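Below are two complexes that have chain A in common, paired first with chain B and then with chain C.
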Partner chain A sequence: MLINTGIPTKEDLAKVDPSAERLAQGPVAIVECFQEIPCNPCVDACKRNAINIEGDINGLPIVDFEKCNGCGVCIAHCPGLAIFVIDKTYSESHAVVRLPYEFVPLPEKGQLACALNRAGEELGNFEVVRVISGGAKNKTTTIWLAVPQDLAMEVRSIKAPNSAPNIQNSAPGLQSSPTDTLICRCEDITLDEIRRVIADGYRTIDEIKRVTRAGMGPCQGRTCRQLIAQELSRHFGIPMEEVLMSTFRPPVKPVKLGSFVKGGDL
Partner chain B sequence: MINVEILIVGGGPAGLCAANAAADLGASVLICERDEIPGGQLVKQTHKFFGSRKQYAGDRGIAIGDFLLDEVINDPKIEVMPDTTVIGIYEDGLVLAERSEEIIKINPRKIIIATGAAEKFLTFPGNDLPGIYGAGAVQTLMNVAGVIPGERVLMVGAGNIGLIVSYQLAQAGVETAAVIEGAPTIGGYLVHASKIQRLGIPVRTGYTIKEAYGDGKVEGAVICRLDAAWNMIEGSEEDIKCDTICLAVGLTPLTELCWQAGCEMAFIRELSGHVPLIDKYLQTTNPKIYVAGDVSGVEEASSAMVEGRLAGYSAACSLGYGLDTAPSLQAGAMAELDELRAGPMSDRIRQGVEKVEKMVTKGGV
Partner chain C sequence: MRIEQHPILEFDRKEKITFFFNGQEMEGYASETIVAALHAAGVKELGKSPELHRPRGLFCAIGNCSSCLMVVDGQPNVRACVVKIKPGMQVELQSGKGDLK
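What follows is the complex of A and B.
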């Protein structure tokens, strides 16, 4: 499912794909945007008013495939990089997939690039037939990749030039050794220590701070305060809303005494 | 002592927009920004923003930061004090800030707190091994300092930050072994998830990190499946080799100054932590203090910018500026916020905002 993996299913795609007849007529934009989020630059990008959203800014984009001429301006304007243009009329054997690309170095026209599907699986090396710069401000490049006709609706990315070699994860057989769980990084206070003082009867963040120094370091409790509150909530079975917060006093970060002595512009 | 009409704490998207809005109405503004360069998190956002044109959608975060900063710098009514941390707000309304080990006293008539949020941390054995970072910290390291964190990353959390940072790691040539997410579904925008899946980075929902291991630094992590009640499933452990672990498990509002200033606070889970109780003009229960951005509930940067404008108009208006124009500007900003929050992805935010509204009507927690 898309919501679990980020990979659209056939059913998702069926909602946004143009008909086979429209694809056969020439280049056309496909907006693979399936979630109502507050976003509408695609609407502004299309000079032919072929992209519209329903209702308010959260509506899904809908492409009018009859108005769309496949110019591809929208590709580099989608903040989600979800727009592709497919041209099945490129040649008898090949279609062109135009896709957004934000990696360097850029491939050059005539080079082969490794095509990837929506799950990042390699589909083979195909020719880059055009590279269109998005300009100094936009910075999203549009890559035209000529792929076999049957892969036109599969290819949605190319492999980044500098991607690291795939290191295999080892099977379980873990080499882990018992280690501490830290709560306060500044003062080096572990979860065990926090639990021990709670068991000893300390039951507020301020009490725990005074007895362990948790929260007295450079970050002044920014990290550990919430974690201690969560532990108190868990231990006493009370909601976070009812955990007594600590007292907040200036300064919010450690300041040298010398700074106060100098006094500034008192 | 610096006397100023409106002090803005934090020069991120909310603070910069607040400054512009307040100055537009005629108020004089001072921004105290902790960092050398204002812009907040925008300075490292290399991806294009969502939203509509009114919130600069389609532009990259870094460009939006530059643009907002330009407006601020060119406005004679706004002074920016970089490298300056506000360290306290006292009962009498006096503010102390620190710059280069010097203490500065500020006496503002109104304060807009726009301090943003901080990354949450996770408890698991080995969570202090070198090589474990907040995902936002890795974004700063790469996109601001130009340093990659390692060669192979385990990303914990599939919200927008986890997904976006995984993509940016790939752009920097760093491999992401997997993005794991404890929840059964992806929390961030699905287009971000699709974008990284296409690059071969697997997104695995229903998984958490059980422990990190390594001799003096991260050498790997053990992940395991979670059941519907978020309990680890015995026997589902898997070993992931990595030298870096990024925690992208959410943000929590940075509210220390609100607490100090005596604003009434409440824990609102939907807004990611304790937040100040505010009215629709973003005024807290301390009439001198307004808030904008993540400090009053963690949300997208687009909302933070609109809230900034709203707080700026409100604070300036309370000082008598723009009495004729402010109401319609405020109404416009509120309508923009409503629109941004109208979708199903904002269900939690809407519930959180409603909770706050109810508490305010009831007169407190």
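What follows is the complex of A and C.
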């Protein structure tokens, strides 16, 4: 699932991909945006009004593939680097994938670059046919990569030249135990202590806060609240949304008592 | 360590200034937070945790958590990740919850 892996599934992609007929007609933008967040620079980037958002600003963008001419202006405007332009008419054997790139060093025209799929897996080395700088204001570079036709809908990034081999998720030999894992950093409360009070029958964040002091330190629960909710969710087998949240009260950040008296800087 | 080359961001570091860490003279750039300047100088331990007295380093780096609370110019519990260095500033490791003198 996208929310767990960060990788869109075939079903997700089926919702945003243009038809095979449209792809055969020439370059076209594909917006692989699946998360409803308040974001819309793609809408303003398109001078042909081909990108629209459903409902309010949280809606997902929808491309009108008939209006889109595949100019690619939207690629560098997407803060989430989720827009690609696919040109299946580049040659008989090859398609061009235009993709956003925000790493240094930049590849150069004519160089081979290692193509990656959405999961970051290597798909082979292909020629960079164009490198377009985003300009002084928007520095996102657009890379044109010529890939075999059958990889046009798979290649979505390139590996930085001379980049380090894939880093393992954790250092070998590094293990954490519940007695070492801190949940509340302000009050030094470990995962082990949180699990113990849950086993004792405390079942809300507020109860756990009162019995352990987790969430009563300078950060006011900003770090531990979610972690405790996660632990409660796991223990009781309920979704996170059903875990009763603690009460939120001002101030939202630490304020010196003197500021209440005299005013002034926080 | 400082990031020298970034594909998107530009760094206007401003002038070099001197501050003090536990009495020792340190250099940093005027645009940097206390923690950024300390990290660049190789200092990663910012204090000891209040109950277990474990070394504490940078955690959230945006002023949310309490991992980087330090004593700055005599004042305890300053979030060193969001406060910029100033010439002559006295930064000290904080142990525990801090005392007001």
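Just so it is clear, the second predicted complex is superposed on the first by the 164 of 266 C-alpha atoms of A that agree within 3 Å, B and C clash if a C-alpha of one lies under 4 Å from a C-alpha of the other, contacts with A are read in each partner's own complex, and residues count from 1 in each chain.
The rule is simple: a contact is a pair of C-beta atoms (placed from the backbone, for glycine too) under 8 Å apart; a residue touches a chain by one contact, two chains touch by 3 or more.
Fair warning: this is a prediction, and the values are worked out from it, not measured in the lab.
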item	value
Partner chain(s) touched by A:T204 [first = chain B, second = chain C, both, neither]	neither
Which of chain B and chain C A:G6 touches, first, second, both or neither	first
Touching partner for A:L227 - first (chain B), second (chain C), both, neither	first
First (chain B), second (chain C), both or neither touched by A:T141	second
First (chain B), second (chain C), both or neither touched by A:G217	second
Contacts of A:E187 with chain B and chain C, given as first, second, both or neither	second
First, second, both or neither for A:A82, with chain B first and chain C second	first
Chain A residues touched by each partner, larger count belonging to chain B or chain C	B
Footprint overlap on chain A, where chain B in one structure and chain C in the other make contact	102-103, 139-140, 185, 222-223, 253
For the chain C and chain A complex, residues of the former touching the latter	5-8, 49-52, 54, 56, 59-60, 63-67, 69, 77, 79
Interface residues, chain B side, partner chain A - complex	1-2, 47-53, 57-60, 63, 85-90, 96, 98, 101-105, 118, 120-121, 123-129, 151-152, 163, 170-171, 173-175, 177, 184-186, 189-203, 205-206, 211-213, 220, 222, 237-241, 252, 254, 256-257, 259-260, 265-267, 269, 273-274, 300, 302, 339-346
Touching residues (chain side chain A, partner chain B) in the complex	2-8, 32-41, 44-45, 56-58, 77-82, 102-103, 116-121, 137, 139-140, 156-157, 159-160, 162-164, 166-183, 185, 191, 220, 222-224, 226-227, 240-241, 243, 245, 248-253, 255-256, 258-260, 262-266
List of chain A residues in touch with chain C within their complex	101-104, 106, 139-141, 185-188, 217-219, 222-223, 253-254
